[in-house]
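See below for the structure under consideration.
In order of appearance the chains are A, B and C, and numbering begins at 1 in each one.
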Amino acid sequence: MNELPPVVLGPVVLWADLAGIFVSALGGALLAVRHKLDVFGVFVLAIVTGLAGGMARDVLIGATPVAALANTLYLPSALAAGAVVFFGHRVIERASQPVMLFDAMALGFFAVAGARKALTYGIDPLPAVLLGVLTAVGGGALRDVLLAEVPRVLKVGELYALAAMLGATIVVAGDALNLPSTLVGIAGALGTFALRMVSVRFGLTAPRAPGSD
Amino acid sequence: MNELPPVVLGPVVLWADLAGIFVSALGGALLAVRHKLDVFGVFVLAIVTGLAGGMARDVLIGATPVAALANTLYLPSALAAGAVVFFGHRVIERASQPVMLFDAMALGFFAVAGARKALTYGIDPLPAVLLGVLTAVGGGALRDVLLAEVPRVLKVGELYALAAMLGATIVVAGDALNLPSTLVGIAGALGTFALRMVSVRFGLTAPRAPGSD
Amino acid sequence: MNELPPVVLGPVVLWADLAGIFVSALGGALLAVRHKLDVFGVFVLAIVTGLAGGMARDVLIGATPVAALANTLYLPSALAAGAVVFFGHRVIERASQPVMLFDAMALGFFAVAGARKALTYGIDPLPAVLLGVLTAVGGGALRDVLLAEVPRVLKVGELYALAAMLGATIVVAGDALNLPSTLVGIAGALGTFALRMVSVRFGLTAPRAPGSD
């Protein structure tokens, strides 16, 4: 599976990336509207939130030009999400906690896409998990940095990076066991989404260093 | 025009990049002096503001080593601007709003250089416009992030990203029409500069999302 | 020394990188504990502080997949430092100013590794010094940005970037003089560490622009 990586990426990376881009860009654009940014701020945050994590992944593994620029569907997906939010944010906001929900879905899609693409490029299992997490949290982290806020991935009390790590680990483990990549991808995305939602619902938190309180 | 891209970049990318580097580094170094940073802070912000946007562009399209390191004129251009400001900032500050002026000029040069280089590397028109905008706003955005401020490109009330987008679009459209690249480059840089100055002069603003006020 | 760069990197880059990763990750993880981040925040800051500078260097020179992902020792070094701090931070904190000390040591290791790797990839002397400095200060700068603080490298009153520049310059000068790379590397790392410690001990500061006070 490692020869000619750009050709044999398979459908999991593509569809997981596209789904992640659209829902994370929705979340980023909603945050922009809440921060009262103008139309360009809305699209900039949609693009950053949707594409920056995968861009970082592609740059680090040497998959250039990055898919966000080379694939004809990536950028339009982020732009479409920006347009949906710009005109429809009042409808979307009626859902409870839409940014959190979109973030949790994107987290799962991106963790799967990032880990799978890393494996396809011959990256070892441990750094492949890291790349899944980076793909999942990178766009949101850059969005938060641009808004001059500490990225939520660093904040105590949310199983955010751990949820992405679960999904990426499922993909890496499934690959080691030669399980079918589509099923493994679905399991990884669902696992991430479920752990994230459960942690928010029941207030699960990761431990701090002993004696740091 | 797409074979052997590093060899056939042509003069537009080189000169637009160099002009953009020098004037944006002037602006970055002036900001550093105003923030009372020391001599290294001045040169760091000159380098970041002048080179980071083009570095991001080159990394994303796979043009490595990036021109900022491989071309013998890029880094010295940023350093020269840093030196001019370090010793001459009191003279420069007498101009009205020099940072804004340098930023507007650099915006035009970089939008042209970024879009043209992207096209030369075989990037499609839509992402080529995005790369023009990234080249134009990337260095200033990183500079603002390092100063722990929200990048001005995200702030309501300034046609900043739109001005860069105009210049990049002129380059991409001119390329599609097979117009001579030097003339198109000049038109793009002038268009960006003019729109940016007009928007500051007359207080033009981009719209916010309907109902977000 | 320039043919087949990945094969002939030599031991200096590897060991200087690994030493830099471990001690800078210690410093990053300690900062995370002080900021009361949870276990994932501790490991994220360890990874960011330890690996981001070298990742940036490798991406800019086109050495992809970056060593932080391709070398089997890099990521575990950062993770080991995170674990040491998570369980042992109370012991480490008894040392006086451990973050400052670890930062100064990492600064030397990274300045040497960055400049040496740049030279091996055929980068010119001046940008090679810049890459040494970037490798040295990049991880800490990103760590500070993620904590929504102005990076210490920009703050007046610390010979931080200058110390890294000294070490990188020793490497570049030693290479031009054909001195043995291991000795030159040790001299560079010691020079950086010594200048940084002396500047902290005696309060040496870099000058500001004339008339900016």
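As a convention for this text, a contact is a pair of C-beta atoms (placed from the backbone, for glycine too) under 8 Å apart; a residue touches a chain by one contact, two chains touch by 3 or more.
Note that the structure is predicted; figures quoted are calculated from it, not measured.
Asks: If I superpose the C-alpha trace of chain B onto chain C, what rotation angle comes out, expressed in steps of 5 degrees from 0 to 180?
Replies: Copies differ by a rotation of 120 degrees.
Asks: Mind checking chain A against chain C and telling me if their interface is mostly the same residue numbers on each side, over half, or mostly different?
Replies: Homomeric contact, different residues on each side for the most part.
Asks: So what's the Cα centroid distance for chain A and chain C, whole Å?
Replies: Going by mean C-alpha positions, chain A sits 29 Å from chain C.
Asks: Can you list every residue of chain C that touches 2 or more other chains, as numbers and ranges?
Replies: 59, 62, 64, 145, 148
Asks: Which bits of chain B are touching chain A when the two form their complex?
Replies: Where chain B meets chain A, its residues are 59-62, 64, 118, 121-124, 126-127, 130-131, 141, 145, 148-151, 153-157, 160-162, 205-213.
Asks: Could you pull out which chain C residues touch chain A in their complex?
Replies: 33-34, 36-42, 44-45, 47, 55, 59, 62, 64-66, 68-70, 72, 75-76, 85-87, 89-90, 145-148
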